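Per-chain residue numbering starts at 1, and chain names A, B, C and D are given in the order in which the chains are listed.
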Amino acid sequence: MSTLPATSALPFKVADLSLATAGRHQIRLAENEMPGLMALREEFGPSQPLAGARIAGSLHMTVQTAVLIETLVALGARVRWASCNIFSTQDEAAAAVVVGPEGTVDAPAGVPVFAWKGETLEEYWWCTDRIFDWSAEAAADGAEWTGPNLILDDGGDATLLVHHGREFEAAGGVPEATDATSAEFRVVLDTLRASLERDASRWTRVAGDLLGVTEETTTGVHRLYELHAAGELLFPAINVNDSVTKSKFDNKYGIRHSLPDGLNRATDVLMGGKVAFVAGYGDVGKGAAEALRGQGARVIVSEIDPINALQAAMDGFEVKRLESVIGEIDILVTGTGNKDVVRVEHLLGLKHLAVVANVGHFDNEIDMAALESLPGAERVEIKPQVHEWRLPSGRSVLVLSEGRLMNLGNATGHPSFVMSNSFTNQVLAQLELYTRTDAYPTGVYVLPKHLDEKVARLHLDALGVELTELTPDQAAYIGVPVEGPYKVDHYRY
Amino acid sequence: MSTLPATSALPFKVADLSLATAGRHQIRLAENEMPGLMALREEFGPSQPLAGARIAGSLHMTVQTAVLIETLVALGARVRWASCNIFSTQDEAAAAVVVGPEGTVDAPAGVPVFAWKGETLEEYWWCTDRIFDWSAEAAADGAEWTGPNLILDDGGDATLLVHHGREFEAAGGVPEATDATSAEFRVVLDTLRASLERDASRWTRVAGDLLGVTEETTTGVHRLYELHAAGELLFPAINVNDSVTKSKFDNKYGIRHSLPDGLNRATDVLMGGKVAFVAGYGDVGKGAAEALRGQGARVIVSEIDPINALQAAMDGFEVKRLESVIGEIDILVTGTGNKDVVRVEHLLGLKHLAVVANVGHFDNEIDMAALESLPGAERVEIKPQVHEWRLPSGRSVLVLSEGRLMNLGNATGHPSFVMSNSFTNQVLAQLELYTRTDAYPTGVYVLPKHLDEKVARLHLDALGVELTELTPDQAAYIGVPVEGPYKVDHYRY
Amino acid sequence: MSTLPATSALPFKVADLSLATAGRHQIRLAENEMPGLMALREEFGPSQPLAGARIAGSLHMTVQTAVLIETLVALGARVRWASCNIFSTQDEAAAAVVVGPEGTVDAPAGVPVFAWKGETLEEYWWCTDRIFDWSAEAAADGAEWTGPNLILDDGGDATLLVHHGREFEAAGGVPEATDATSAEFRVVLDTLRASLERDASRWTRVAGDLLGVTEETTTGVHRLYELHAAGELLFPAINVNDSVTKSKFDNKYGIRHSLPDGLNRATDVLMGGKVAFVAGYGDVGKGAAEALRGQGARVIVSEIDPINALQAAMDGFEVKRLESVIGEIDILVTGTGNKDVVRVEHLLGLKHLAVVANVGHFDNEIDMAALESLPGAERVEIKPQVHEWRLPSGRSVLVLSEGRLMNLGNATGHPSFVMSNSFTNQVLAQLELYTRTDAYPTGVYVLPKHLDEKVARLHLDALGVELTELTPDQAAYIGVPVEGPYKVDHYRY
Amino acid sequence: MSTLPATSALPFKVADLSLATAGRHQIRLAENEMPGLMALREEFGPSQPLAGARIAGSLHMTVQTAVLIETLVALGARVRWASCNIFSTQDEAAAAVVVGPEGTVDAPAGVPVFAWKGETLEEYWWCTDRIFDWSAEAAADGAEWTGPNLILDDGGDATLLVHHGREFEAAGGVPEATDATSAEFRVVLDTLRASLERDASRWTRVAGDLLGVTEETTTGVHRLYELHAAGELLFPAINVNDSVTKSKFDNKYGIRHSLPDGLNRATDVLMGGKVAFVAGYGDVGKGAAEALRGQGARVIVSEIDPINALQAAMDGFEVKRLESVIGEIDILVTGTGNKDVVRVEHLLGLKHLAVVANVGHFDNEIDMAALESLPGAERVEIKPQVHEWRLPSGRSVLVLSEGRLMNLGNATGHPSFVMSNSFTNQVLAQLELYTRTDAYPTGVYVLPKHLDEKVARLHLDALGVELTELTPDQAAYIGVPVEGPYKVDHYRY
């Protein structure tokens, strides 16, 4: 996909149906692993509570996301979709969603998707821009609106585009890039500059249409709290990330599954007996460390927070600064959500052909920019998303997915069952914003606990779990309703 | 200790110094395992911030508690102490604390302690009453106060006595027991009735003296929130239980250690290969399940909360109702904080000589009252705290610690290192109430996060943990101070 | 690869160098993970102890095998190679070996390889036949020999072909197939029939040339012991499988790595929280069970041997007959080395879309033949090596690699580091047969313990392992040489 | 028990029945955990196959051994017993065995036992001498024999006494001790010198009576193989240690249970988060490492054998020489079977109050002799079997059980279920020697595999294990009988 695809209902060329057919097989299998979403289709399909909703989605365009998209549609919504990562799209899933279960290549009956595996940064932001262009739908409806009324976001790029678009429109123009502007933000500026040239009030109208955003990730949520603290948040936001059934499941159990999957697909490196270093012992790091230990690796952890550090120690892990053990490491994994965690000086200190992998968020966890500008460093592609960097020291390191999320770039992301938890939260959050709008003035919210428990409840039968029921007497004794919610808000699980 | 000891500075008879000497040895070893408390002595000893504090403590009188008590004293406080469980006192620790590091049997220089292993209920509540009698100290100071100005509580019995005492004094008398009154509450009523007879305004004055209480346990905290919700809480309370370094450490890692310890000391039952059932998958249940799995047991878990149930399943445990698997169980552990979790019908369904053990809170997790009144059931003492109950079915079960906390009754409770975390929180909480009184109007509080992180920080060196430090740039990137606190309040660890 | 390739030095068409180049990259990375083989090149390369050796290899043609082949060549041997499994060839590895590090497509300088991914049974046995045809090499040397002087075998197919070839030649012809003859054995008979027609004494001469075979697997070794017990073994055999550094490493740690890898690549099924059933608790089953538990699955094991069954129980696994729990299983793994372990009645009892995977040896662990002839069963290809079987019950099961070894068919087999252990044993065994021929009269042998320890020793540095050295005094105390071997032969590790 | 007890049927003073009654309770509970022994009583009790057997037993006199002794008696044998360790006797078990289920203090009806907790070396060897004195029994029977006809040994001390006794009798006298003679061997010499003075041909007659010995431990077995290799073994020996159901169960799963039990009873040290060092990764070390990891310790292992070292690495443990990490260790465990593993230089390098514990065999794993003679070292008894050694460095270490087996000295040894496996092997081995005498000429034997499998089989029901049965067709396919044995002799489990 080397050229920008045309703006059309079918956003990219599918030469024949084979890609979509393969994707449809996988979607069908994934549905079996996503009991939460399937239960919502059954519960809410008849009443169509999302009728009238126009959802702009920016989230890895995988098979699981296909089941999410088709669930939103089954509840009555209209949807436009982009990926939130240049490498994470599974093309067959995108094709299947575009074609739709009943459609054909020539008459697609699905959802407009703007995503493919291996986008350039320009293509990525063009795609993100596209999900805010609801002119075709407005024309079809004879409606006045410009954009969506809901955003479903992962990492906050869609939300960022709206906020900066409106900001620059208010300021009368897009600022020039400076030396300090990152390569990616230059593309954002260019994208918005082109938009303002076409229509100088577009983002202001888009922002006005929006009822809110539901955000998937730690990083995105962090941005939202900062925006809100600064008084700049434009619409209500639901923090899906901090639902227990998201953060404690997707982040931990998802990474536990997909980190070794990505390592295996990318390399032939045995984990058993090796020294693996995990930077960060939050939920992501906990899942990573457990997975690596489960494969017989010796895991060393780093942490900045003394509480998490103490947890890591109590869980039996060695806790050290990266500098202290750099020469022993075979597999280096970052999962912090911070930047510059692995710097060039670290890369230079690693063993020959050590593997470097990021499961945090952005590619700046590993300082890829500095590596790319390191004199004497040479990049050799072993296969797509696996690069040997030959360093001036004479040693090499293997960098996965160019420092971006390797569980998406080298594997297929979290498995469906885990994503079913996250995405059931997403759908419930979209329902909250759309059907209980008044309950959410501008601000950042987590879902109420009874919905969090509902998400869990919808996933128990598939695992053969029997839930014990409180007697009324027992419920009274601990002061909770028999049917829940069962815990105080500050309970940590 | 079969008779009520005299009210005296030395609350029970120590025939010679051997018990106190043995306790002092253990206290010295425990100090090496309690780096948090020792660090507080070093930091705050010189400034004596607890000078003037009068602390009534009700918490298992173990070796670790001895280090806590002596830390409070080292910070300037005066202390009186009772245990919060009839079986949990380690007599040598009590003796050593009474005698004090410099004292003798004839001239004890330590702290008045009212606790011994194997109290009757009458003795227990008498002891609890004693810690509120500061008349000797008041006389020595020429002061007017009746009781303590701070409570350090575990389970809430001390707090309960004050609240009921004041309530009955306000009502003009203690109500009669009814058929529905539990055996234990009858003793509470009797204890208060005697108190009111001696002094009809004592508890009202005690309540008036109090600056607040710091509470150790889930159960006690639950009572406090209920009292506050009902508008009946008499003074501020700090919920120590929900400090991360308490609930996530003491409850989980403490039980992980002390459950198998108690099982081993009580019985000769191999855990490996056996079926262990753990009721409840909160922090206590998580620690219990991990410990049993670590010994090769096959662990089945029960839960009422779908989120915790899903966690248990994702952690690889079978999740079933107790009824479904009762006939397979070799070791049955309760850690729910609820009542009637194991009922007589369950006990009758267990395998011959199955072990029944409670690490939750009260002895009503297992319905001991119903067992005791079961026709045809016979109790045979194998050794103290280990009883074979011969059931009418012809089978027997082994009940540990008469259904009370077996990790205290059959072992020595949580190990010192874990308790150092909990107790460092306790001391910091006492400091908050005493030195920052205005910051805590009547209500229930958790400690601020920077203190929670401080507790963790004080325990890292002893484990050889290296903490990674944020650069100012990284701190700014994620929006936290370099020195912490690092997490939002709702972060779950 | 749909037509039989021509008999040539380059056994199959490589359109351009890209496949070989990709393979060479992977071989280079694998060399970094195979310290045992690289150490042998360093130790024995100069002295060329395998000069004159002609090795017919039948073993999965993977990247790791490429490093093995090139090690044999580096020690002086000439080699011809086939795969021992129709699905296990990695085409890029085969291409790279054929081309050789210095060769080109037009002037290959490597080793003749007869293997590609997805052979038919006819092609498979044609390939196996080809590794015994050393006429081109004989012509080049002006030599009289017909075939190889050494076999390196995996599963015993190459050895079987020689034994049956010689047997039928002695009998004067190949017997007719009967109704009881399996589909695969019919192909063997056809292959030999064609051979006898061309040359009626070829296999007799081949057998006469052979100094022996080194066998990789449990199954192959089992056949060899049976042949020897029946007095029919034609040449000495070294049982590489039962070197500790093979059976306890390849079988256990290899499967621990490659089973989840295969499951992940084949399906999107989360292992965490699922019920996984592992048939067999030998080394393969132990590795499988550990891997699945390490991913949070609940693992149930079956066993026929009471000792292994007791081990499984003591390791914390539930041990049940497959029939007893069939309806609970999400992932069903076979690793027994026996046949008919999973039968059609089991497949019909599984949950919808349960995954069925074999890591034992032959595809008859799962009764694929019966499934294929089940009326009403329909096979849908999800993707290569992943088939949904729609059953008459209305449910489906997902069968991986058509019941053959899924860690090879769906993943890339054991990782290099594990194979380095196995293959270092193979090279040492080839060296024993070729350079110490007199020490091995016809019979089946394991490698002497000092070589087994040597294999381990060559892999320690790469893992940062420090070995403790005995003092002469300590060695004398336990009666072993300071430099080993350290254990009695019956020691079980 | 500070004086040598009188030679009598009741070898030591039992003031009243309370000790024996407590022991009898525990024996009854242990019987529930020893299904193998109870099944043998049921199978062989009626036929009395050990009628006429006179067994001298030297094995830790615990509750489990009581069940073993009473099983031997139930099969018809007469028995005399000593412990094989000065600290390991459980006095209540000894008392109960002496008194017997039906006896009284005044009329004991059990077995003569010569063992109590805390023997001196002189007492220990006196006790061992006593089990060879069957004069009372001979007199009662009017028989001519001097001693037992079978030995049941643990560590080989009983066997050693016979061999040295006969050797010195043949030499005409006991040699003088030299400077190189160990303190313990001086006691052996004194014991034999006294015996020769009383009766100069006693041990020659004892040796002549003996049909053989069954030996429990690695160390004892090692001595037997050495004796046999030197041509000095006097009678056949069955190596019970190397039954799979012994070495792989008792050594590994027993230590997994009893190591943490001993640590917990001895100290209040949390294992979680601590650095534990395990010297030796044989079966004992594997069990120790698993137990410590299961409690959240970070485990470092040392090994001399490269195969075991590689196993440790592949199991995820750091493998280092003790010297390399000595300053990081909190808990130091030896399980090697060798001497001088922990030397004074190591003890001086440990952290303050590090715990030092031996679960190998003799107290020379830790060089206690050198510690005892270290100038400036001071020993403080914290409690029995727990000593603080204050070192000249100013630091202390805690040494458990004076360097002897701490799982016996600080805890109660392996749990009953594990010992049931070992002891069922012992009984079967005694049966082999006594009833199939001709099958065992002088030499060292392991039990035939079908008996090893039988031991396992007798323990499955108690764990709820379902064994899968081979079909005749499957059995034929892998070439084993349907009912076993299933494995070749070199199979490693």
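Please note the rule applied: a contact is a pair of C-beta atoms (placed from the backbone, for glycine too) under 8 Å apart; a residue touches a chain by one contact, two chains touch by 3 or more.
Worth saying up front: this structure is predicted, and the values here are computed from it rather than measured.
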By the contact definition above, name the pair with the higher C-beta contact count: B-C or C-D.
-> C-D
In terms of CA centroids, furthest away from chain C sits chain B
Where chain B and chain C are represented by their mean Cα positions, the distance between them in whole Å = 58
For chain C and chain D, let me know how many angstrom lie between their CA-based centres, rounded off.
-> 43
Can you tell me which residues of chain D touch two or more of the remaining chains?
-> 253, 272-273, 293, 296, 310, 313-314, 463
Using the touch rule from the top, collect the residues of chain C that touch chain D in their complex.
-> 222, 225-226, 242, 244-245, 247-249, 253, 302-314, 319-322, 324, 337-340, 421, 446, 452-454, 456-457, 459-460, 463-471, 473-474, 477-479, 484, 486-490, 492-493
Name, in rising order, each residue of chain B that touches chain D in their complex.
-> 22, 25-26, 29-30, 32-33, 63-64, 253, 256-257, 260-261, 264-265, 267-275, 290-291, 293-296, 328, 352-353, 380, 382-383, 388, 398, 411-412, 415-418, 463-464
The residues of chain B that touch chain C in their complex are 272-273, 293, 296-299, 310, 313-318
